[in-house]
Every structure is written in structure tokens, then in C-alpha cells.
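Shared chain: subunit A. Partners: subunit B in the first complex, subunit C in the second.
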Partner chain A sequence: MGIAVLLKQVPDTTAKISVSGGRVDESAVSKWSMSPYDEYALESALQLKESGGGDLVAITCGPARAVKMLTDAAAVGADSLIHILVEDLSALDSTQVQAILAAAVAHSGSDIVFCGKQAADTNAGSTGPGVAHLMDASCVTMVSEVTPDGGSLMAMRASPNGNERVSVSAPCVFAFDKGIIELRRPNVRGIMMAKKKVAETLGPADLGVDISTSSVSIVGHTPPPQKPPGQKFEGADSVAAVVSKLRDEANVI
Partner chain B sequence: MDVTVIAETSGGGLHPVTAQLVGAAASIGGTPTVLCAGGTGATEAASISGVVKVISVVGDCFETFDSGAWAKALNSVTGGDVIIAAASPSGREIAATMAAIRGIPIVQDATDLAPGISVTRPIYSGKAIETSTVTTPCAITLRANAFESAGEGGSAEVSTVNQSADVAVAVREAIAKASERLDVAEADIIISGGRGMGDPANFSHLNEISDMIGAAVGASRAAVDTWEEIPHGMQVGQTGKTVTPSLYIAVGISGAIQHLAGMRTSKYIVAINKDPDAPIFGVADYGIVATWEAALPALKEELGKL
Partner chain C sequence: MAYEALDFYDIDSLLTDEERMVRDMVRDWVDEKILPNIEKACRDGVFPDEWRVDLGEMGILGAPLKGYGCPGLSYIAYGLICQELERGDSGVRSFASVQGSLAMYPIWDFGSEEQKNHYLPKMTTGEWIGCFGLTEPDYGSNPGDMITRAEDKGDHYLLNGAKMWITNGTIADLAVVWAKLDGVIRGFIVEKNDPGFTAPEMTGKHSLKASVTSELVFQDCKIPKDRMLPHVKGLKGPFSCLNNARFGISWGAVGAAQSCFNSAREYALSRIQFDHPIASFQLVQNKLAWMLREITKAQLLAYHLGKKKDEGTWIPEHISLAKMNNVDIALEIARMARDIHGANGILDEYPVMRHMANLESVKTYEGTHDIHNLILGRHITGIQAFTRES
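And now, the complex of A and B:
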């Protein structure tokens, strides 16, 4: 049993996104971080590995700067690192990203995949289900916890009525939501060890994936529409005025 | 252009967003066929204006949610140039799997479509808006409440197809929600509490108000992470749910960028916070600088008069 975790480096949730010349200016992003749900996927993958699972490989596809995030994953316990070098991810469509990641998982020999339910930049949620299909694996999304269950795996997932415990067998993909699990922080030893871990760097072509033609092309980016400034009221006495505005001006109650 | 619309369901019936999917399909010149997984909502779907055909897909696989199985079963009953689904968790998952089966691209969470096909959607959790063109065939999911609903009065033919697929996900235990309250993802009005509520027991005030106006109760991450009593499913924001209700009332929530990411596109936002400089006031249509202890009783009283 090999476990792969798919990690994407995205602008930190606190980073400002600026648009210049009709495009998001990536060079102006002050800090790059692991996408938030991927942190939960990584933590859960580490826990599964510790409870008897096999090797844990961290995989990312992205530009050179993304290696830093793989080193962070190594510092908390990822055994090996694969970096598929693609300078401009936004030029790829979903089929290409999925083909690259599925091929990288196959290359690593893993049959259990952990990923985020959606990346904080695309906000899509396409990759887990897509990679699962390409691997001929089952897919469970909205997952908050995975535990061994005999020869299978038990996942806790959100359902329309609350939560469900579901059982699946490898090959399988788990797309993670935020859960109640605590994220671990690296210790000094982990950080030192991680410095020695070298990522295996591959190009899409090494994995047999052609990225020359994308079926999606970006026309442009704009900042989000600015809301007109709101009205501000002092003190609880103003509640009556606000309620009547909600009824008469906004028509929402 | 043939458009396959995946019906969105909730509680055993058709979700109103389905009429928005049909409206959007028509707006790009598509003729919509609606697929109803497990047959749910088929009769209601047939009465949406503009729908040319409803296919009720029935099979054992629809008893358990396994996106792989559902997508396989749905995929085999229809072709179509464009697949349109709701950008709900299940809609995204089924559409993404169908796209992968067909080897076609998917663009998720569109807020606007134009013939061509040009797709507009928020990226970086709403910090920027992207417009792109996508070639057909493709799959697109749409954000709820961003598109005009198609009207009623249609009378499409409903055909039933028996189609199942192997299910690989076995449900072992269902854990019901602690309360029967409306989910924030479903609600048209949301009242959320943050760390400023001081104690989880004080959420009872939010519950009372929500009962008066048919709202769902949400929470900030600080509230969810600090208090066990506030379940994760209530969290709104970057790592919680993205919501676009008509009215969002934030009580004792500072308005951190990650919270705004989940609610800033709400139609109207009311903020109740004792700190006049709280960032939540920057997105609020109506800001009330007051403690909740003073404002919520007044709110209850005023709503009671309506």
C-alpha cells in the first residue's frame, strides 16, 4: 500500500491579489502556502501512514517555487517528493492537470490518494474525482478523517443529513474537507531531515502527457466588483431602523 | 447545441437551482435535456419552461452516493455538447467525474455565461474574477443564485431509463446532524455568530431569531474551532462553506479575510459588532455598532412586529 498526497501551492489566504494589465499579477503575491484543505489531506495521510500504512509520497505540479512546499511536507513526515515542473499552471485545462497528477501517482506506485476538496486558487474541486477516474479508483469527497478498516479504509464524509462513515478499498481517492483533526507543526529534527530530501523533478512529457493545447483560454482577470459603501448606525436603538430598511429598501425580510 | 443538465435535488425533491441551470443553458443557446439521478424530481423538472426532455435514470446505484457510479450511469444515457450542473458538492463531483469519463474539460463555479462559450467565475476565493473561453464539448458547474431561473409551464416528455453501475463506496454508519436546523448552504437568510458571542450557549439567541425568519445559523471558524458545541458544518468562509444568501447577518464576527471569502457575495449583509473599526463593516450594507447583548433583544422585538 502506497499513499500519495497531492499538494498545491497557492497564494496564502492572507495575501492580496492584484490585477494588472487584465491579469492577476502572481509576482505581487507576498506569500505562497500549501492550499488549506491540502494541509488536512497531508495530516490525515500522515496519520494513516503511522497506523500501518506504507510510504507517503508528496506530489505537486507547478513552477519552481512549489518545491518549498514539498520540503515543508517532508518536514512533517512525507517520505519522498515528486515535483512535476510546469511554469504556468493557469495555461492548463482540467484534463491536463488530472492527466499529469494521475500519471505521477502511477509513477510513484501509490494506490491511495489524498487531496484537497478544492484548491484555494481555482476553488474548483475537479481534481480528486478526475484523478480517481483516470486511476480507475473509487472517490470519496468531503472527507474529514480516514482510518484503516481491516483490508479496507473507513472515511468520515459530510452528507446532506450530517456525516457518514463509508468503507472503500484501494485504489481510492479521498478529497479532504477541514475536519476536527489538529494539524501538526514540524519539529527541528524534521526540518533538518527535510533539507536532505531531494524532490524528483519531472516534466509532463516524462510522464507521457502532452500539454501543448488547452481547451480553456483565459480572456482576462478583473478585481471583484466593489460594493457601494454601506450605512453604519450607532447603538442598539438603530436596530428598528435597520429592520425597516431590510423590509422596505432591500426587500429581504 | 445539446445541453445536458444534471438536476440538483434536496430532501427527495428538485432543488430550485435546477431551474437556474435550465435558464443558463437557454441563455447560451442550448436545448436542455434534464437528467434526474434515481428519478428524483423528474415530474417537477418536466414543468420547467424550455426543457425539451427529462430522463429519469433509475438503478440500484442511486441508493448510495458514489460519484463514480452515479457519473457512469448518468453518462451512458446521453451525449450532449455541454454538461451543466450546480456547483454544490455533489454537482461538482458528478460533473467532474463525467467530464473525466468523456475526456473533456470542466470549469467549476461559474457566475456568468455567454455564448461562445465564455465563462466568468470567481477565483482565489473571490479575490479576483476570471473570464475564459472554453471549447465544446465541456462541463460547467454554476453557482446557485447567480443565474435567472427559467419559468414554469413547461411540459417536457419524461422517459425512464434503467441504468446502474457498480458501487464501490459502502455506507457503514450514518451520523445525523445534531439539530434539524436548516443548512447554511441551503438557506436564503443566514445569521452567523463569531467569537464575540462569548459562549456557545449564547447561540440560542441566534437560533431563536433564525426560527422567526426561517434562517440558518452559521458561525466563524474561531467559533467552530473554539467551541465543540458549534459543529463544523456551520462554518462559513475559506475553509467552510461559501454562501450567497439574500441576507447575511454577522454577529460578533470581526470579518477576517477568510470569513469574507465565504460570504461577501451575499446580496445584503448586516453586521453587529461592538468595535466600530471591525473589518466586517467594510462589506456590510447595514452596520450596527453595538454589543449583541443590546442588539439581539431589539432585533427579536422588531422582527416580532413584522
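And now, the complex of A and C:
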């Protein structure tokens, strides 16, 4: 069996996002990072690989800068890297991205797929189920942990009644939530090994995926409305005013 | 907010991918582990053991050394590691400098094959901590006159004397100690449980509070014959170590200065006086522009020196210039940043006063500011001015 992890490079959650000309200004993003949910998917995939699973391939679809994130994945233990080069990811619709990723998974020969439950930039949440559909695979969402279970895999996921354990066998897709597992840090040895792992770069056409017509066109981005400034109260005299505001305006007491 | 390091001349574009990845690894670690905990560590006067474990796990101790399990990184990568650690705190960088450049390096360069195999693999993982004993209570800038002596007793050496101001001393598993044997300076490896050796901690520091500083006391301290470093004699031994540590400091100081600059810039933009952000006043802008200018110059010095270290085309005077200049401007930037923060600048909510106090030590250790001036003076004129006799 082979394990694939699908990773997306997104603006770091602490980076400032600015909109210019109706579009997010990507050149102004100070830091690009692996989407946080994907980090958990990667960590869990690494743990599965270490407990005897097969080779781990890290796959991303994105512009040239995204290869850095693949190298980061190699530094913590991914065995091989596939980069599907698409300069403007936002011009694709979700089904196109799913088609590309599913084709890349097939290309890598993997039958167990890890990904985040949603990407921290678009928050669409459709990639995991969409890829599973195209692979004709089982899909478990909101996963926090995956462990080997005989010939199958046991996934822990959040449910309304507490944690739920689901056993599935390959082919399968696990879409990860932030979990209880601790993320590993890279080390110098891993970084030096990563130098030797060169990403295989492919275009959508190399995988037989047609991206000429997208069902989505983005009309424009707008920044979220500015939060009104906070209110400050000083001294014991203001207690009554604060209490009435909390009760009548904020409706919290 | 994500940390945005000041890099006005885009030094980043000169780095290799590997150097950038190592830098980012340490940068993230500092954000996650040092910055949220450093003030408490300073208040408690401790170097948390967890930091030792993490530094070992990241694999950055003894960064530029090759073989014996050591990382084998470039000097530029070593410099970047120091820069990021010192952006957190000079005490953390001191720990790594002492371990790598002052304790591992002499064993790596001057030790026997057995010593290298025995000590280096456990030191690069942080399992064993090392310290470096050169300075004595009465001999700081002129260590050549040190009092500590070793005597050859046939089947062992006997050490007598005392070292002072020794970073990591009390927490160290081994000390590389410089002592005179028949009037010649030699290096000895002393282990923490050797009879006649104690390492009491020095207290009351207003600077480098998260770094352990100690005395090393040798009273008829008996060590086996195979603990002397066989391949070096005289001041060349300790001075070679200092060259490497001073190189790291020239980068580290940039990190401390970047931290102070960022804090000052942010504060100046948000602090309103006379109805306007203080960043809009010319006097404040002048200060920020000066900081940017000096940090940029210091970065270029450090980078070019790193290149020379990697190519092997450096001379010790190159290192003196960079250590002296970069610590000097970092200290001045810390003071200026403190000024821009007004009263808030003295609080531990901001990093500036801590960096300022730390940099006072950094200015003094590894050759005081003026000792480096004298080294350069001798280089320029051919006349030594350390002492009146020649």
C-alpha cells in the first residue's frame, strides 16, 4: 500500500491579508505556510508510515512557490514529492482541483489518502470527499487520528456523541481536523535529506486533466468589515453601566 | 502577527534553500518556545532543561562541525542559527555558542580520536552539556597570565586554580579547561564528578539572566592522563575557539537588534502623543532610519564574513571587526528602542530592556569591545598596544 498526503500552501494564519483591485494581493502576503489541518494530516500519515505502512508521497497543486512546502514535508519524512504546477489556483473550481489531485494520487500508486478537512484560505471543505468520490474510495471526515487495525485502518473522528471510531480499508481518504497528536518539528538531518528529494513537477495535462473550462469565476474579494473599536470603562462607578451593556446590548448575561 | 525579520537588502535571496530551512526551523522554535517563556526563565534565573533537549533534537549544536554525528552545516547556517536564537534571547544563543564553538570545537579540532568519538556524539544531541573555562577572577582580557596549573603526576594530572564567569558551568557534564602545564597553556577535559572539582553558580546578574554563569574551582582535582587535548599548545587553543564563537555573536547581535527594531517600529506606529502617532515625528523617524541603516550594514558584514569563513579566506581581525561592530550597534539600537518605548520600554512586556541588559554582557565577553579595537589597531599599525612591554 502507498500513502499520499494532499497539502495546500496558504497565507500563514498570522499574516496580514490585503485586498487591492478587488483581489487578495498575494504578493503582499508576508508568509506562506502549510494549511494547519494539512499539518495534522501529514503528521498522522508519517506515523502510519512509521508503523509499517508504505512509502509516503506528498502532493500539492499550486504555483511555483508551493514547492517550498513540499520540501518542508520532505524534511519531516515524506519519501517523495509531486507538484502539479498551476499558477493561479483561484481560477480553478473545486471539481477541477479534485480531478487533478485524484489523478496525481493514481499516478503515485497510493491507495490511502490523508488531507485536511478544509484549507485555511478557502475553507471550502470539498477536497477530501471529492477526491474520494473520484477514487471510488471510502471517506472519513473530521478525523483526529488514524491507526493500523489488522488489515484495515481505524480512524478516530468527532461526532455529536463524543469520539467515534470508524474502521475502513483501502482505498480510503481521511480528511483531518486539528487533533490531539503532537506535530513534529524538522531537524537538521531531515533538512539535509530533503535536499536530495526533488519534486516531480507535472502539469494538469500530463495527468490527463482538462482545466480549460471552469464553472467558477470570482467576481471580487472584499476585506471583512472593520471591527468597531472596543469600549473602555474605568473605576467602580462604571460597574452598573457595564452590567447593563452586557445584558441589553451584548446579551451575554 | 507573523515575525517579519528586517531584511532591507534581501540577504535572504543569497541563502541556499538548506540555510533558509534551518533558519526557519529555529525561527519557529524561538516563536513557539522562547518568546512565551523567556521572561519567566529570566525572573527565575534558569535555563530550562527543555530548551537543551529541543536544541539537541533540532540537531543544531556544533552546527559547522563535520563528522562524529555533528551537523556539518555551513558557517552561514551557523550564523543564521545564532541570529534567530539571539532574536529570542542572548542567553539562549550563549548556551549554543558555548556548547558548539567553545566546548565541542576544541575537542573536534584538538582532541584525540578517542576523545572525539567519546564526547562529540553525545554533545551534538545535547545529552552532555559542555562549558569553557578560560577567564579567571584576576585574568580576563589577558588570559595568557592565568594562574590555573596542571601538574603531571605520572598516572594522572592534578589541577589547581579557579575559573570565573563560566557560562553553563553548573549544569555542564564536562568542562574544557585551559591551564598551564610546565608554563605552557594546555586544554583539559574535566568531568563533573571528577574529585576536587566544583562549579558553584554565580548569582545577582542583571544581564543574561536565563543563562547559567558559574565559577569552576579545582582543588587537587585529579583527572586521568587521556583527558588532555593532545593537539594544541599555548593561547592558540582558546583563541581558535573564540574565533568561532565571536563569529556566531556577530550574527546573534543582528537578531537582538532586529527584535528591538521591530518592537520600536510597532510601538511608534501605535503610540499617540500630541494627537499623532509618534512614528510620524521626524525625530522618531530619524531613530528608526538609523536603526535600519545600522542593522543593514551589520547584516552585510555578517553575511560576507560567513562567506569568508566558508571559503576559508578569513583572518581573526575580520571576526574582531564584525563582533565589535555588530554588538556595538545592537546595544545602541536596544537603548534607542527603549527610549522610543518611553516608560513602557522598561517593562518585561517588551523585549527591549532585556536585550539591552543582555548585550552589555555580550559587549564584554568573547573579547571586550576595546580589546577588539586593540586587535585591529595592531593589525593596522603593526604595534601591539595591549601592554606597555613589547
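Before moving on, here are some points about what is shown:
The rule is simple: the second predicted complex is superposed on the first by the 238 of 253 C-alpha atoms of A that agree within 3 Å, B and C clash if a C-alpha of one lies under 4 Å from a C-alpha of the other, contacts with A are read in each partner's own complex, and residues count from 1 in each chain.
The rule we apply is simple: a residue touches a chain if its C-beta (ideal position, glycine included) is under 8 Å from a C-beta of that chain, and two chains touch if they have at least 3 such contacts.
Given the structure is predicted, the values throughout are model-derived calculations rather than measurements.
By the document's definition of touching, of the two partners only subunit C reaches A:P186; subunit B does not.
Applying the stated contact rule after C-alpha superposition, one finds that A:D12 touches subunit C and leaves subunit B untouched. Contacts of A:G21 after superposition: neither subunit B nor subunit C is touched. When the shared chain is aligned, subunit C comes close enough to touch A:S30, but subunit B does not. Once the two complexes are laid over each other on the shared chain, residue contacts for A:G150 go to neither subunit B nor subunit C. Between subunit B and subunit C, it is B that contacts the larger number of residues in subunit A. Once the two complexes are overlaid on the shared chain, A:G52 sits clear of subunit B and of subunit C alike. In the superposition on chain A, the residues of subunit A contacted by subunit B and by subunit C overlap at 14, 16.
Of all the residues in subunit C, the ones that touch subunit A in their complex are 1-2, 4, 17-18, 21-22, 25, 28-29, 54, 57-60, 63, 71-73. Residue ranges on subunit A touching subunit B, taken from their complex, read 10-11, 13-14, 16-17, 19, 24, 36-37, 93-95, 98, 117-118, 120-130, 132-134, 138-142, 144, 154, 158-169, 172, 178-180, 214-225, 227, 230-240, 242-247, 250, 252-253.
Within the complex, the subunit B residues that touch subunit A are 10-11, 65-68, 71, 89, 92-93, 96-97, 99-101, 103-109, 118, 121-135, 138, 168-178, 183, 189, 213, 232-233, 235, 238-240, 242, 246-247, 257-258, 261, 264, 267-270, 276, 281, 283-291, 294-295, 297-299, 302-303, 306.
Within the complex formed with subunit C, the subunit A residues making contact are 12, 14-16, 30-31, 68, 71-72, 75, 185-189, 191-192, 194-195.
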